[in-house]
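Shared between the two complexes below is chain A, which pairs with chain B and chain C, respectively.
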Partner chain A sequence: MTNFIEYLLGGLGSGAIIALMALALVLTWRATRVVNFAQIGQAMFTTFIALTVQEISGSWFVALVAAIAAGALLGVVVQYLVLRPVKRSDTSGAIIATFGVLIALQAAAGMIWGGEQEAYPQPFNTAGISAFGREWPISVYDLVVIGVTIGLVVGLSLLFTRTNLGLSMRATAFNPEVARLSGIRVSRTLTIGWAIAGVVGAVAGVLVAPISTLSPNSFDILLVFAFTAAVIGGLDSLVGAVALGVGTGLVISLVTGYSDSSNAPVVALVLLALNLLLKPDGVFGHTSSRSV
Partner chain B sequence: MLTVSDLSVNYGPVHALSHVSIEVPRGEVTAVIGANGAGKSTLMRTLAGLAKAAGGSASLDGNPILGRKSEDLVRMGIALVPEGRSTIPELTVEENLRLGGMWRSRADRATSVGEVFDLFPVLGQRRSMGAATLSGGERQQLAIGRALMCDPRCLLLDEPSLGLAPIIVTQILTLVKRLATEANLAVLLVEQNAVTALRVATQGVVLNLGQVVMAGPAAEIASHDELRHAYLGY
Partner chain C sequence: MSDADSINLLELDEIKVKLSGLQILDGVTIRVPHGLVTGLIGPNGAGKTTVFNVISGFVKQDSGSVTYDDKRLKHIKAHHLTKMGISRTLQGVGLFSTLTALENVMLGGSAQVRSGILSQSFAMPWTDVETERLRIAAMAALEEMGVADVANRLPSELPYPLQKKVALARALVCDPKLLLLDEPAGGVGAADMADLERLIRSWVPQRTVLLVEHHMELVMSVCDLIWVLDAGKVIAWGTPDEVRNDPAVLAAYLGEDGAA
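Our next item is the complex of A and B:
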């Protein structure tokens, strides 16, 4: 039982990062009905940029800001240059195109920074916290990650519920024609959605790099977990992405604890398959309200 | 005044509208009636920038409107209430309203929200409820309310009676007529429900297979027996 609780605590930090990545996938899905597989490539690329900035400036925080700016810019570029022209003809083509962008970004990163595994500096202590006479399976760094995730989620929900931009984004996602007739500049709103997703993905990248490694392919497994979480969460639901993201982190931690970390992706894919068989709309999907 | 002259719209090889000319003066309702497939919705969608014209011209108070984007047309004063459920069920009543006219100042929009709630009190009572909980008639009121939030000079109403009980239809259309007079709006009302539409309209236009077969005072069209039998089916 003690083990069980320890494993759960240990999964919170990685769960928060999976939640962020799932959130980024949901944001692009809601904006344009495209699952952006390039999201992980964008996050990897902006993390490399952050690493470069970190080496020059010596500041973890400046590097984070650089990643955020690069994430927004890259989101806009990918949506504008690739998605807009392709999406005009068909949606499945657009999804394939995001794979193309992923491969291109990984190749470009390999050419610029090399294919080696780079260590990303750890800005906070990643060792378990010692308190009450024992060591806990959660570190200061995990707490920072959880804090940043909560901050982003709260910020995004305020954006979506309290601002004109958020209302425009929701309306555009639900019914672009009504949005357009109301005077909302739909294509601009979609691009902003991709920029915000790019920012969230970039933050996830900078947060995960210190506790894994950084190479053009090192985040791929994160995409598997985030995609699982986003789909099971209903793809449309920000709450679902966060809840299932954290949930996936906990499941992975349990699987890793009781067996071996190499089993985690298999478990994630089994969960995804079960979800698609039993509840294809996702746990937090709201197809019912659309059929009214 | 909304002026449409010689407007043609094609869907591939199909002529949806051929050489249609209509004048919609401010301060009154102009009804376009005709059977299914007469081109009524095509006319509305073209004027709102959702479909492309193949020929002809259209202007609002002298400014050309064809070939412009919907987002720009609504800023010029053309607000379309599209056919069917044009509210967003996932948003609340107030959010649906606030979608309209976001480019306007905060104060202007607050005034408009107040006016819409005066016009449709039921929307005010349910402002924070989900639009999915509204009845069909209430949703139609909400859709009209959202169009009014855009501070229009010209209101395009596409089949507002669709799926509503006759008494609700009469209520809504009477209100539309009042709006046209009080706010000096040019209202273009497209309807299959010819009797009710012609009752609130000043002028009427009968559309058949994409062509205007008659235009004139609404009362005259309503009492034209041959026309009724031939094109309106009653």
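Our next item is the complex of A and C:
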């Protein structure tokens, strides 16, 4: 039982990071009805930029701000230059195009920063916290990650429910034509959605890098877990992405604790398959019906 | 009826639209006078909705011009309409199913919001003031439609006539000069028809209404002026009585045999 609780505690930090990346996927889905597989590539690229800024400035915080700015910009660029022209003719083509962007970003990162594993500086202590006469499997860094995730989720919830921009984003995702007639600049709103997703992904990248490594492909596995969480969460639900992101982190921690970390991706894919079989709309998804 | 352009809020001149090789509108000229309820009728496929789509910027005409409030509109963009004082409802209700009735109506006033993206993203205090102002305007529009009590309900929880009223409240919240109503009577039962008629008449002369409608009883009772389209051309226009007795209109609706 002690092991079980320890494994759960140990999974909270990584669960929060998976939740952030799942949030980014949900945000692009809500904005444009496209799963952005390039999200992980964007996060990797902006984390490399952050690492460069960190090396120049020596400040983890300045590097984080640089990643956020780069994340927003990259989100806008990908949406504007790739997604918008492709989606105009074909939605499935747009999804394939995001794979293309992922490959292009990984190749570009390899050319600019090389393909070697880079260590990202750890801004806070990643060793387990010592309290009540023992060391717990959760670190100060994990608590920071959890805090940042909660802060972002609260901020996004307020944005979506309390501001006109949030309302416009929700409306645009549902019916762009009616949104236009309501005075909403739809294309601009979609681009903002991708920019915000880029910011969330960039934050996830900067947070995951210190507890893993950084290379053009090192975040790929995070995409598997985040995609699993986003789909099981309902793909449309911010709450679902967060709950299932944390849940996925806990499951992975348990699988890793009781067996081997190499089994974690298999378990994620099994969960995804079960979800598609049993509840294809996702745990927090809903099929809306209208009387006509 | 004499042609007096100065009294018109909206004018369409010789509009031609070809879509997928078909001539949908073939030189359509329509006048919508200030402060009146103008109807646009015609058999299915006559081009009525395309006229609305041209005015709304969803379809670009191949030739012809649109003049609104004495200004010729060159590149109409749908998201500019509410700022220009034009509100359009769609066939059906077109409500956002994941937003409450109040949020749906608030969206109709989006164009009035002046705060920028960054200030909204960072929830600056003045954005709260603007959102609150929009909320008050939306509640007033819901009250005008008599549905303020369903403000926090989702559209799917409301009976269809109430959904229609919420959609109309969304059209009213930006205080439009011109209301484009696309089949407002669609799905409305006989019991609510008199209510709808009274409502539309209550908007004039402060507002101008152009409506597309199949429900002839409503059209004849609510409209001051009617334009009749058939196969992309205006075949008649005039008062309800003039249109009702026009042989071309009878032929279009009933066929040559029926007209005879």
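As a convention for this text, the second predicted complex is superposed on the first by the 287 of 292 C-alpha atoms of A that agree within 3 Å, B and C clash if a C-alpha of one lies under 4 Å from a C-alpha of the other, contacts with A are read in each partner's own complex, and residues count from 1 in each chain.
The definition used in the following text is that a contact is a pair of C-beta atoms (placed from the backbone, for glycine too) under 8 Å apart; a residue touches a chain by one contact, two chains touch by 3 or more.
Just so you know, these numbers come straight off a predicted model, no measurement behind them.
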*In the superposed model on chain A, is it clash or fit for chain B and chain C?*
clash
*Mind working out whether A:Ser182 is in touch with chain B, chain C, both or neither, as first, second, both or neither?*
both
*In this superposed model, does chain C or chain B come into contact with more residues of chain A?*
C
*Figure out whether A:Leu158 sits in contact with chain B (first) or chain C (second), or with both, or with neither.*
second
*Of the partners chain B and chain C, which touch A:Leu277 in the superposed model: first, second, both, neither?*
neither
*asked:* Quick check for you: in the superposed arrangement, does A:Ser168 touch first (chain B), second (chain C), both or neither?
replied: both
*Considering only touches as defined above, state whether A:Ala131 meets chain B (first), chain C (second), both or neither.*
neither
*asked:* Counting contacts the way the document defines them, which residues of chain A are shared by the two interfaces, the one with chain B and the one with chain C?
replied: 164, 167-168, 170-171, 174-175, 177-186, 289-290, 292
*Can you check the complex and tell me which residues of chain B touch chain A?*
48, 50, 69-71, 74-75, 79-80, 82, 86-91, 95, 98-103, 130, 132, 146-147, 149-150
*Taking the complex as given, what residues does chain A use to touch chain C?*
155, 158-159, 162-168, 170-171, 174-175, 177-186, 192, 196, 288-292
*asked:* Show me the residue ranges of chain C that touch chain A in the complex, using the header's touch definition.
replied: 56, 58, 78-83, 87-88, 90, 92, 94-99, 103, 106-113, 115, 117, 120-121, 123, 127-128, 130-131, 134, 155-156, 159-160, 170, 174, 187
_Give the list of chain A residues in touch with chain B in this complex._
164, 167-168, 170-171, 174-175, 177-186, 286, 289-290, 292
